[in-house]
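See the structures that follow.
Two complexes come next, and they have one chain in common, chain A, joined by chain B in the first and chain C in the second.
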Partner chain A sequence: MSSQKRIAKEFAELSASPPDGISVELADEANIYEWKVCIDGPEGSPYQNGKFLVKLNMPTEYPFKPPTISFKTKIYHPNVTNDDKGSMCLGMLRADEWKPSSKITAVLQFARQLLEEPMPDDAVEGRIAEQYNNDRKRYEEVAREWTRRFAMADHFHNTARVKEVQFN
Partner chain B sequence: MSNSANANALSTEEMERFQKLSNEFEPDVKGPAVSVKQSSHNIALEYANADPTLAAKTSALALTHPTTRVMRGDGNCGWRAVIFGYFEILFNLRDPHRVQAESQRIKNLNGLLDRVGHQQDIYEIFVDETMDIFTQTLTAIQNGVHDESFLVEALCNENQSNAVITHFRLLTSAWMRLNPQDYQAFLSLPVDQYCSTRIETVRTEIDEVGLQALVVGIIKDAGFGVEILYLDRSEGDAVTPHPLTTATPAGATIRLLYRPGHYDLLYRPEVEVNINPMVNYQYGMTTNYAPWDQGAAHNFEISPQMMAIPNLMADPAFAMGPDPMSPMSSVSPAPASPYQPSPTHEMYPTPIQSHAPVPAVPSIPAPSPPAVQSSAPKPMMSLPSRTSDGPQIRMNPFAMKASLNRALPVTTPFKNSPYNQAHFQNQDFEPIHWEPSDSRR
Partner chain C sequence: MFPADFFALSDFGDDLDTGFSDDKDLLKQKRKPYEVEFKVLSPAEIEREQLVQVKEVSAILGLPPESAAILLRYGRWNKEKLIEGYMEHPEDLLEGAGLGTNFEGTAKTEVLDDFTCDICCDEGPGLETYAMRCGHRYCVDCYRQYLMQKIKEEGEAARIQCPGSNCNRIVDSKSLDLLVTDDLKGRYRELLMRTYVDDKDNLRWCPAPNCIYAADCGIKPRDLRRVVPTVRCACKYEFCFGCSLADHQPAPCALVKMWLQKCEDDSETANWISANTKECPKCQSTIEKNGGCNHMTCRKCKHEFCWMCMGLWSEHGTSWYNCNRFEERSGTDARGAQAKSRASLERYLHYYNRYANHEQSAKLDKDLYLKTEKKMTSLQSQSGLSWIEVQFLDTASQALQQCRQTLKWTYAFAFYLARNNLTAIFEDNQKDLEMAVESLSEMFEKPVADLAGLKVDILDKTAYCNKRRVILLSDTAENLKKGIFCYWESMKNLAGAMLMFQIGEWTFNVEW
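Then we have the complex of A and B:
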């Protein structure tokens, strides 16, 4: 299948030379359609020093349908659903804006960029977006606090939650 | 104050919900990506109750372009119509060298992709699928296959169809980016942005500017013509043709029927007849035809009343031989009719058009004065002369005189045939009426 060939190629490329703050591995060596991605919170953002585990799922129709991104690490962000899916779906990730010529590396860089600059106009969490617009300071406090609680080195809590989510 | 705040909060939530619904919305599109060839009369039926202009135009269309191929309206119909039309013409020309030359030409267009910075390992999987269709086309020609169903299958195969459409989208986008001066004036946003949001995306419908670029940049150099026939409510009694190429050679022109937001393919009669010489198979006849028998014409009484039956000639099931591989495909309006296998199928009024004065048909709007002078409705004037076309002679009733005389009287069945829409047993039965503005059902 052409999708497999292309995904394998992209995976090899990304593993060999990952973009800044991003690393990828397969969730299961036998399944090239599901990746485990680690995104470092960008410096200067409230997510700084956090490590966010993101699951990247490639549809079998890839590259004609976009990959889906879900944050397995809890994150306080207007564009990530605050539920156990943690999904992010906007811009190039939307089915009707997706281009088959886009590469996964661009998708991941887009996701990381979004941590740095949320897009409150396309928010999935309206209240966080509102706070982001009207009370930036408070938003940053909460985001930093969540990052400390869920995305930092005292992993036990964090990874335990991730496992639990993964096996749901 | 608090009230309005509540209302706002509520509406924000509602908005979010609607946004989510909108994001997840997938239109419920039905039907194959590319249909088999079918009668354009179906289009006329769709509009029978619609605006009289549309009804008139579609009735006329069924005469000038008796067959059509419906594209699924999934955002790719325009792209798919042009690409399918392109390969179908290439197949129908039956010239292996031309297929090879075209295959090479399209492959060379990779240069455009390189020039705008696409990586080969990204686009090659799309190009490969296009090349596969060239190979299939070549093989089919070399094996003497006359049935284009392999092309229908290829473009109905989701993966292949997506890949080929993406390939042509990328080529078009590259062409536009490299020739922005030709397109910028027609766009409300910069060419680059237009390409990346309208052309390269997976299911954004093609618009006129994109179509122009696809034709000029990619299709035209094949030597094929492309023509759009606009079906809208503008004045006139026929669809408005708009050629996108300077030449629209017969047998090598992609004809698109455009209705706002949707493209289908249309075919003129000579294309089907000329390229499909296997028509006679369905009649189980030999190729040893008796020459045109003038004597038979005297037996064949041409009745003006009969000619006045609306839709008789408009039903291309009479005018076109069905596809040999799916013998009933072009008579789909009445698929359940128990009469289909009957030999009345051989009854066939076409030759009348060429040598009988035809009174105006009530369901077709009054022809313009010059057409009246020549005593035939306008649409028919554009039909090619039947008497000069070799293969078409096979399908006239005179050539089948012997068997017909045994089985049936020659003239009366037209009026009494259930194939006639004016016949009460016809599935699409419609009584004859005289007031075009009346509701038809």
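Then we have the complex of A and C:
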């Protein structure tokens, strides 16, 4: 299968020299189609110091069909759905925009860039986009608060500790 | 859906001897006021039409035919505008169309030493590769897979780009012929033909199931307020060139659309459609919002607009919140309209019941025809009449169906008409036709034994029905053309709907 070779290569490259603030690992060593990605909240953004767990799924037809990404860590952001899916609306991940030569590293860097500069015009959470446009200060407060509550514990490996932190 | 014998039914009329002298001029006219000029094109003719234009533009601009084809599709087949644009800014136009300015070299696959395919990461030796003039080279297998996915799964043909990220070069038919299998080539040509017909304002596919023909008619969207352009396909199906619905003369498209929406208001489907879909403000295609953001791009015409306010996206900027306010306002509008519609419910039901009654009868078309056939056979054996002599029943049955179809739409039309003299005349015509139809219907259902004796009466009544129908349609068509009908309370909506058609036309004219 050609997709395996390509994914393995991309994974190797990303693991060897990951872009700023991004690290990847396989969710399950036996399955290269599902990655666990950790995105560090960009400095200067309300997500700073947060660690966001993002799941990246590659279809078997990859790279002819685009991957999907979803935030497993709750995040207050106009472009990420505020539900248990946490899906992100990225133009380049739409089936008709995706090109087989597009790379995962570009996708992840774009996703991180979006944390730094949300795109309220292409929002999936209209209310948050509205707040982002009209009341930036309040938006930043809430985003910072959510980052503190959901993205600062080491819940990658130990979700129990999240609860501890919250109880304290 | 429509058996062949059903279509045969409507195949009558023009050569009928009416037996009446008045209005004979009207009936003898070659083209009646409610008929429009059109022709029907077969797929081969459509393909030939495209080819002629491609060759012409290719010769004028000195471009390879496959590139000229891409250019024409980009310019929605508006040759004059395209050539003009090319003369002014050739580079911009070529770039915009996804062609680039380099036309050197021929399309061929190559085997290169030391090559790694960027898509599958396979590497030589002996790996067959392909690149378009943009130079983005991939192995033939990946290229093929990519094209297959686009054509087969996404149904894309005219706008398949180079597989390279950020490269907007369009894959031309020469590259495609070189790379894909024959069945995929066929599908590709089919899709291109579909885009061609979709792109051309004067072409429209026949909506009948499995029909392969398209109608060519010069009626513009802005004309639809004044004309109801019914065309008759080579498959014998009669449909409206304006909206692709089955023939709905004499009611104009916008009104038919409103009426149908109104009638279906209670059904789940209609609720779903109004809740989840809107029409593209440019080409009127129905669009479903399947999640994601408010920035919509119409798949068909690539028009970009805002889902909330339906305004141009380019004018939209970051004023996302404006749309929220708009939504609230339209919410109050909707509530007001609801109260109004409850008040006029009774009025509506009057028209709806009559409309539905004729529709019901139209749905029994097939039964009626089958019954007619049986009657004709038994009449032949009982009365000793020949097959030719019992044809009058077939003719009567056809007339009944066609007149009921027309009557059905007169009720939808009348629902929207304001009360005045013109409407009174319209309703008189309607009444005359309806009375004629009902009395013919009554005769038609008499026991077989009586039918032979009624032959002359039935023939007369059939001719009379047809004449009344022609008069009603001609009269209404002429008044529509003059634009003198006045519409009732929903007029505001109607004017809005009419305007939509016009906007569609305008934007197309000024775009690109």
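To be clear about the criterion, the second predicted complex is superposed on the first by the 154 of 168 C-alpha atoms of A that agree within 3 Å, B and C clash if a C-alpha of one lies under 4 Å from a C-alpha of the other, contacts with A are read in each partner's own complex, and residues count from 1 in each chain.
Here is the rule we use: a contact is a pair of C-beta atoms (placed from the backbone, for glycine too) under 8 Å apart; a residue touches a chain by one contact, two chains touch by 3 or more.
The structure presented is a predicted model; accordingly, all values stated were derived computationally and were not measured.
Participant: When the two structures are superposed on chain A, do chain B and chain C clash or fit side by side?
Facilitator: clash
Participant: If you stack the two complexes on chain A, which partner ends up touching A:G41: first (chain B), second (chain C), both, or neither?
Facilitator: The answer is neither, since A:G41 touches no partner chain.
Participant: Quick check on the superposed pair: does A:K9 touch chain B, chain C, both, or neither? Answer first, second, both or neither.
Facilitator: both
Participant: So in the superposed three-chain picture, is A:C89 touching just chain B, just chain C, both, or none of them (first/second/both/neither)?
Facilitator: Both: A:C89 reaches chain B and chain C.
Participant: Looking at A:N133, would you say it contacts chain B, chain C, both, or neither? Reply first, second, both or neither.
Facilitator: After superposing on A, A:N133 lies in contact with chain C but is clear of chain B.
Participant: Look at A:D121 in the shared chain and tell me whether it touches chain B only, chain C only, both, or neither; answer first, second, both or neither.
Facilitator: second
Participant: Quick one: is A:A106 in contact with chain B, with chain C, with both, or with neither? Answer first, second, both or neither.
Facilitator: Touch status of A:A106: second partner only.
Participant: Going by the contact rule set out at the top, does A:E61 touch chain B (first), chain C (second), both, or neither?
Facilitator: Both partners, chain B and chain C.
Participant: In the superposed model, where does chain C crash into chain B, at 8-16, 26-34, 170-178 or 314-322?
Facilitator: The listed stretch with clashing C-alpha atoms is 170-178.
Participant: In the superposed arrangement, what residues of chain A touch both chain B and chain C?
Facilitator: 2-3, 5-6, 9, 61, 64-65, 89, 95-96, 99-101, 103, 123-124, 126, 130
Participant: Show me the residue ranges of chain A that touch chain C in the complex, using the header's touch definition.
Facilitator: Counting only chain A, the residues touching chain C are 2-3, 5-6, 9, 61, 63-65, 89, 95-96, 99-103, 106, 120-124, 126, 129-130, 133-134.
Participant: Within their complex, state which residues of chain C touch chain A.
Facilitator: 118-122, 136, 138, 141-142, 145-146, 149, 154, 156, 161, 163-167, 291-295, 316-318, 320-321, 324
Participant: Along chain B, where are the residues that touch chain A in the complex?
Facilitator: Contacts found on chain B: 12-13, 16, 20, 23, 26, 75, 118, 121-123, 125-126, 128-129, 158-159, 162-163, 166, 170, 196-197, 200-204.
Participant: For a test of understanding, state which residues of chain A touch chain B in their complex under the given definition.
Facilitator: Within the complex, chain A contacts chain B at residues 1-3, 5-6, 9, 61, 64-65, 89, 94-101, 103, 123-124, 126, 130.
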